[in-house]
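As written, the chain order gives the labels A, B, C, D and E, with residue 1 at the start of each chain.
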Amino acid sequence: MLGYSITQWLFGILSFLAIMFGLMVVFTRNPINSVLYLVLTFFCIAGHYLLLNAQFLAVVHIVVYAGAIMVLFLFVIMLMNLNEDSEPQKAVITKVIAGCIGGVLLFVMVGSLKGAEQLQLQASGASQIGLVKNLGRVLFGEFLFPFEIASVLLLAAMVGAIMLGKKEIK
Amino acid sequence: MKGLCIIGGLGVLAMMAEVFKFKKWLYPIVLIGVLGAYVANFIEWTQLADGQTGSFLDHVFFKFNNMIRFDNVSLAFSGVIIITAFFWFIMSNDYFSNETSVVDHFSLVLFALTGALMLTAFTNMTTLFLGIEILSIPMYVLAASKKGDVKSNEAGFKYLIMGSLASAFLLFGIALIYGATGSFDLMQIRSVISAGNLPVFFYAGVIMMLVAMLFKVSAAPFHFWAPDVYEGSPTVITALMSTVVKTAAFAAFMRLFLVTFGGVNETWGMVMAIVIALSLFISNITAASQNSVKRMLAYSSISHAAFMLMAILANAPGLTSVKVILYYSLAYSIGSIASFTVLYQVSKKGDESYHAFNGLAKRNPMIALGMLISMLSLAGIPVTAGFFAKYYVFSALIATSYKWLLILAVLTSCVGVYYYFKVIIAMYFKKPETEEPVQFELGHALLLGITAMVTLVLGLMPDLIIRML
Amino acid sequence: MINGIPINYYILLSAILFIIGAVGVMARRNAIIIFMCIELMLNAVNLLLVAFSTLHNDANGQVFVFFVMAVAAAEVAVGLAILSMVYRNIKSIDIDLLSKLKN
Amino acid sequence: MIKLVGLIPLFPLIGFLINGFFGKKLSKSISGAIACISVLASFIVSVLVFMELHHAADKSQVVEIFSWINSDSLKIPFSFLVDPLSTWFLLIITGIGFLIHIYSMGYMHEDEGFSRFFTYLNLFVFFMLLLVLGNNYLVMFVGWEGVGLCSYLLIGFWFKNNSYNKAANKAFVMNRIGDLGFLLGIFLIFTTFGSITFNEVFGKVSAASTGTVTAIALLLFIGAMGKSAQIPLYTWLPDAMAGPTPVSALIHAATMVTAGIYMVVRSNIFYSMSATASEFVAIIGAITALFAATIGLLQTDIKKVLAYSTVSQLGLMFLALGVGAYSSAVFHVTTHAFFKALLFLGAGSVIHAMGGEQDIRKMGGLKKALPVTFMTMFLGTIAISGLPPFSGFFSKDEILAHVYEHSPALWFVGVLTSMLTAFYMFRMMFLTFWGSFRGTHEQKHHLHESPKSITIPLIVLAVLSVGGGVLGLPEFWGFNNYIGEHLDSVIIRKNPSIMPHDTEWMLMGLTVISAVAVIYFAYQMFMKNGVLPVENEKQLKSWQKLVYNKYYVDEFYDAIIRKPVDGISKAFHKFFDIQVIDGIVNGVGSTVNWISGLVRKVQTGHIGFYIMAMVLGVIVILFTTLMK
Amino acid sequence: MLTGLLIIFPLIASLLLFVMKGEGAKKAVLGFSIIEFAMSIYAYVTFKADAASKMLYLNCTWVESLGIKFSVGLDGISLLLVLLTTFLVPLIILSSFKTTYEKPNAFYGLILLMQSALVGVFTANDGFLFYVFWELALIPIYFICLLWGGENRGKITFKFFVYTLFGSLFMLIGLIFLYNHTGEVKSWNVNDLYAAGRSLTEAQQTFVFWMMFLAFAIKMPIFPLHTWQPDTYVVAPTQGTMLLSGIMLKMGTFGLIKWLLPVVPLALAKWGGLAVTLSVIGIIYASCIAIVQKDYKRLIAYSSIAHVGLIAAGILSATQQGVQGAVIQMLSHGINVVGLFLIADILMRHTGTREIDKLGGIRNMNGQFGVLFLIIMLGSVALPLTNGFVGEFLLLTGVYQYSHMFAAIAGLSVILGAVYMLRSYQGIMLGEKKDSLGTFGSLAESDKIVLLIVCAAIIGFGVYPKPLNDLAEPAVKALLQNLK
């Protein structure tokens, strides 16, 4: 099709959608809508993962982000009853400046990201690295220490969240 | 490594105190535990091979799949962190006793310490990232821990947002470096760098990591969070931030930029120089017109960060820069702990401005003396530890082409003297509002005595530390 | 070239997503949206990591993503806890209202 | 005895110390006696030294007391030089000093600061002796400044009166101006010759360039100008009459003010090498002589008249020095010391009798009440007017002869000066002693001749004034000029006079005749016509007013030096120091505060701004490092 | 050994004092300071007997990794300054006996602390040690001024502190720069630093020169860096002022002699002229300002600037006479200025004012005081046979060799000095007593003793400066050898 392979088409479409939804996250007034757009963006990214042969990661991504994190967001939004368009907006000038800064940042980044062509390209397609088995071996082998220590992180987050969340007992 | 395990275990233990009802014993247990961690750390130190002054990252005592590696440098910094933490626990004893969720506080602090210790010993981007987060997330919570106080909320919130953003930059940097080198392992990255021929975006990655680390050590223009967070947080937490967190951040900074990216320092040298100049200028100038001592100390911490960055910038041969940072962070931590202790005590009524110190010399001469010594040390007056710290920085930097920074450093140091001496003048010269003596409990008095002594001893015998590495 | 797509495209894509997130952080006042934007930035990084992982045919990149996710989750949990506390105190999550600490 | 020359200054020093420490506890007579005896002892030793030197083969003997300042090549011992010049001055100083000490016993008897006065006086003698005895310029300078100090102390002796104190300050400061010149001269001598010891320096002079020598001579002369009250540094001397009269006699007439002459004579080798410097000295001397003499014409204070006369006579001496007549200058110093001391002491006696009144307009007819004083003063006046065969005649004539040889124009100035001198001196005499008494009744009632302690010195000095001329009788009369011969070894002598004798006779005659004529004129004016100086300044004609007010020189100095210095100082202090320099220093502080206030504003508290700043920071850093 | 003792003893004594109570401290501190003086005299005797005696040197390792040694020793110049310090401190302490200070033990403790640091500065043979003592000397005096000073002291003393610290930090940079050039094995030893300094290029020497000169110039102070000084002198308690002007000021001049002259000869040749110009301007400038001062203490302060300007010019002329004169003048100035400030203090105590216009006729009431005052004043205007003259003469000789013109201008201070000193003496002591003044009364014994000792020193060293010269001359000669 038009000289592009199906993967390329998929890449193009997913990228377009991801960027569009990403923009919608930022520009939608209603927070609920933002959340939903973000979920959509995550789906697009999951699609990219699939394209990149990271099947397990794609699944985990959906489960953790779309399934857990975004639900948490939704809960909080509802809890605070922010389900309206009444959010005070920043001054237009601030937004414009933010946009400009974003543009410049993009410019700079694009400029600085060149040079990837020199990277040695690997044979692809037959890659098995994204499979659970492979990932598990790496995770529980080389990355055992970070894995263990991540528990401390989660514990800390848990303790912290609970501490802040609970009522003061006098 | 044992130290890290003990501290982490203590954190978990502390969590259980509520359930298993040994809350009352928690404080002594933690103190003993921290001491134990220090001892363990020290034992590991003594078990290091001889010839400890070898090059960086030699003399590995413990390592784990290229994830974490306790070498002489990391043990030294761990020692500094643990001893500072010990002082900090003494300082904040009544903070804990007043707090309802004491258990949570203990575990959070201990978890943060775990992260801090990781930062001294990581050899992989994964452990770096996790270490930073383990250190930061409890700090976000602690900063916000005065639940009813909007200022504290604001502090936690700002810290969180800015910290997350910095993490994002850090990650982007890591990703780019990973893309360019194909590895997260510091040693491997280093060897790739020395092989040369790197894509441009590798440098972008380095810069992004640099920005993230500069944020962590609160250097301008990434410092904006620091004064606000320091001011809003409960005083003891501020003390923790300006000592342990800062030391850990520098330990990490050093590993990254002296070892891993040492080969490409021409990329980040000038950036760093400008950042230092900006930090020196902004922090000292702004501190000069502060009314709140706490906020002044926040700005002063930025200025000290700039000094430590100078040591990294100097990138002196051998372990010199590392020694300088080790010494500086110890001197600064000790001085900070002492001044925060006094600040914490005199500001119990809520006044954190210079007025709170008025006439302290009359109301409690010994405490005023302790504060005086710590202020002199922070200002860098001989023969305190702070002086030698600055001296080492100067002497490291004078051999480089960044001599102009020295001039700026001197100029701003004079401004620095201005705001430190405002405290001294308040203590010794201003009339107090009340004549009643300020009561200090034994623990605090002892702490001040010890810090003052350490400050002077280090000022007289800097070799004690310098010779360690 | 991964599956016929140059790596540059992935870098560009994640850079764009990253910047969208950054712009969002700068342009919005709603704290929750700011958090979401940060999540978006982290996801951009994840995408980049996975792309590089595939490029290098190296699993480490993907494993790293797990850790990023874990951290993101932890950050969100703490962040939302702080937010709800802020909301309890000032009945708003407008970040511009949180500017008592200054100068 | 020469080896013991150190005793000469030692005695007055001992006297000074005793009176200084215990003066208050001693009775007046003991205190005065100690002072007198100490000077007398010096005098005796001086005489002995003088005699011994006269017979000694070595006319220039150095006595080292102790090593004083050592700095590498600059070695300055505290040592004395005994040679004809210094011994000559020793005699004058101790001799006249002793007489004046005696005189002071009577004169100061009623004063509460009696012992203090003698303390100072002894100290003065001590320093004056150091001045003339010093073997190098620095010891000379010690004496030089020391006598300046004593002069300061004695002018301001009655320190309750602030105008006296001002006069004292003025004297000290003006002397210091001269001293600076002297000091610079010493430096130049040291840098040129590597030594400041007289004989060493003089031995090397020929090696130096004329320019340097001129510079040295002029710098030294600046010192002399200050000390010997030459234009432009003369104004302190008339004011110095604020001191007690014996002081005026000793310090401001006989000894200290002649230190300048001593110094030039001592350094005569420089002046004889440098025609420019000599010419300069001569001209300054001539101008001063004439200028001061004209001021003297209209003065009404008896001491002021004498003071200006002193300035004028000193000018005459410098004129002599300028034309190379060094021994004549010393001769005139000697005779001047006699008659001027006499005149001052006489004036003191008059003032004493008048109960402190110094204005000659209020005197008159004192001849009968004060016969001894009158007689002695009259002799002194004749001497100073240069009538033969009084001492002044010989010394002045010798000078004028030499001047004529050098330049008839200067000679004319000299003659004019001596005419004026004769006029105002006789004016003073006539107004004081002749005519009728113009003072109050009370004063008239108290008029009496002074006690013996006052009159005896007067008589002695009168004798000396009359007969002092024998020390230097003119050579063309066929006599040996004693002073000239005595000083032979220390002075580069001019060639003996080559003027024809008749010229000399003629010159001598001219001066005498002119003096007599002027005296007659004065007699006509004050005795016959009874002209009195007007009471009120307003009645003066404009030229008289100018002269009466001393040509407004003081006011002029005030306007061009004192006021500007004060003004500049105030400007320095109020504006430059406080506003500019300290302003900058404090400005740094306030600028820091100001900037601090601005920079603080950047910390807005808005997290959005912080984030933006951070992102901007990233952009800038990325851009600068990667977009090269 | 002995030198080390001279440093340590006051330190220990001061610690003892801090724990003492009230009035007992007064006597104790006088005793301590006299013992210290006796020790320094013993050092002098030892030095006279054998200048290389081991007793006079102490050399032990301090910070090995940096090559810093606790290395102290005495040569002629430092011995003189140590003697000055130990001589003046008892006088200063004695002069405080009539003033009651709050917490006298702390006050005297700080004075001794300061003495210890000062002796350290003068004897240090190690660049780093020198710097440390230099800074240490600042802290006690800061507190003396801050705690016991006069009106508005907070601001003024702070300015003083920051100003001097500012300079000394630059000196630190200069010293570190030298240290970094000491060759393979880095050393702080004074001779190694000399060698390092002389091995530098002219541009580098210039850098070091200005860095170090700034510190010394501020300390002395040299125009136009002097504005901290008059205010500080006025606001400080009398003893503080004496310490500041009598001894501490000499740190700057001493620094010039020992730590600048021999280090950077090339830079000195190139830039010394500018520095001398500043010094000479300062002489005239400060003298002029002194003329119009109303407060006597401030007048002395400005006169001190003028004197020190001449000292600096003499040192920078780098001639034997100039430097030797500077050494002698440092001593003389130290002694004289202590006397003058005591006089200012006495005036304040007896009449309640130091304003010249409000005073007058005091000599009528107390002749003895008048005479003592006169002698000290004469010493200060450098009349021959007072100590001031010897130094000033040598200084001017030195400057004259450097430049005739500068000597002539500097010499103007001879005149201006006479003007302001005599004017002020007249205003304060002479004339009729002002009605507004009460009775003056007689001098306290302690004051009288101090003034008498000062006067004796003024005349004694003026008539017979040989002991000083004998110490200074060879030392200066050896130092100047280094320049060649």
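A few comments on the model shown:
Everything below uses one rule, namely that a contact is a pair of C-beta atoms (placed from the backbone, for glycine too) under 8 Å apart; a residue touches a chain by one contact, two chains touch by 3 or more.
From a predicted model like this one, the values you see are computed outputs, not experimental measurements.
Common neighbours of chain C and chain D under the contact definition above: A, B. The fewest steps needed to get from chain A to chain E, moving only between touching chains, is 2.
Located most centrally within the structure is E, per distance between chain CA means and the overall CA mean. Counting C-beta pairs in contact, the chain pair with the highest total is A-C. Look at where the CA atoms of chain B average out and do the same for chain D: the two points lie 78 Å apart. Chain geometry summary: the mean Cα position of chain A and that of chain B are 32 Å apart.
Centre-to-centre separation between chain B and chain C, using Cα means, comes to 27 Å.
Per-chain CA centroids place chain A at a distance of 103 Å from chain D. Residues of chain B in contact with two or more other chains: 126, 130, 133, 137, 140-141, 144, 147-148, 157-158, 161, 165, 176, 179, 200-201, 203-204, 227-228, 418. Across the assembly, chain C contributes 7, 11, 18, 21-22, 25-26, 29, 35, 51, 55-56, 58, 60, 63, 67, 71, 74-75, 78, 81-83, 85, 95-96, 98-103 as residues in contact with two or more other chains.
The set of chain A residues that touch two or more partner chains comprises 90, 94, 97-98, 101, 105, 109, 112-114, 116, 119, 142-143, 146, 150, 153, 156-157, 160-162, 164. In terms of which chains touch, the assembly is arranged in some other way, matching none of the line, ring, star or all-to-all patterns. Contacts between chains, counted with the stated touch criterion, involve the pairs A-B, A-C, A-D, B-C, B-D, B-E, C-D, D-E.
The touching residues of chain E, when paired with chain D in their complex, are 159, 163, 224, 226-228, 285, 288-289, 291-293, 320-321, 324-325, 361, 363-364, 378, 383-385, 389-390, 393-394, 396-397, 400-401, 404, 407-408, 411-412, 414-415, 418-419, 422-423, 426, 429-432, 464-466, 469-470, 473, 477.
In the complex of the two chains, the chain C residues touching chain D come out as 22, 25-26, 29, 95-96, 98-103.
Here chain A touches chain B in the complex through residues 109, 112-116, 118-119, 141-146, 149-150, 152-153, 155-157, 159-164, 166, 168-170, going by the rule given at the top. Residues 66-74, 138, 141-142, 144-146, 149, 152, 156, 159-162, 165-166, 168-169, 172-173, 176-177, 179-180, 183-184, 187-188, 190-191, 565-566, 568-570, 572-573, 576-577, 581-582, 585-586, 589 of chain D touch chain E in their complex. By the touch criterion stated above, chain A contacts chain C in their complex at residues 5, 7-8, 11, 15, 18-19, 22-23, 25-26, 31, 34-35, 38, 41-42, 45, 48-49, 51-54, 56-57, 60-61, 64-65, 68-69, 72-73, 76-77, 79-80, 82, 87-90, 94-95, 97-99, 101-102, 105-106, 109-110, 113-114, 116-117, 119, 121-125, 127, 129-130, 134-135, 138-139, 142-143, 146, 150, 153-154, 156-158, 160-162, 164-165.
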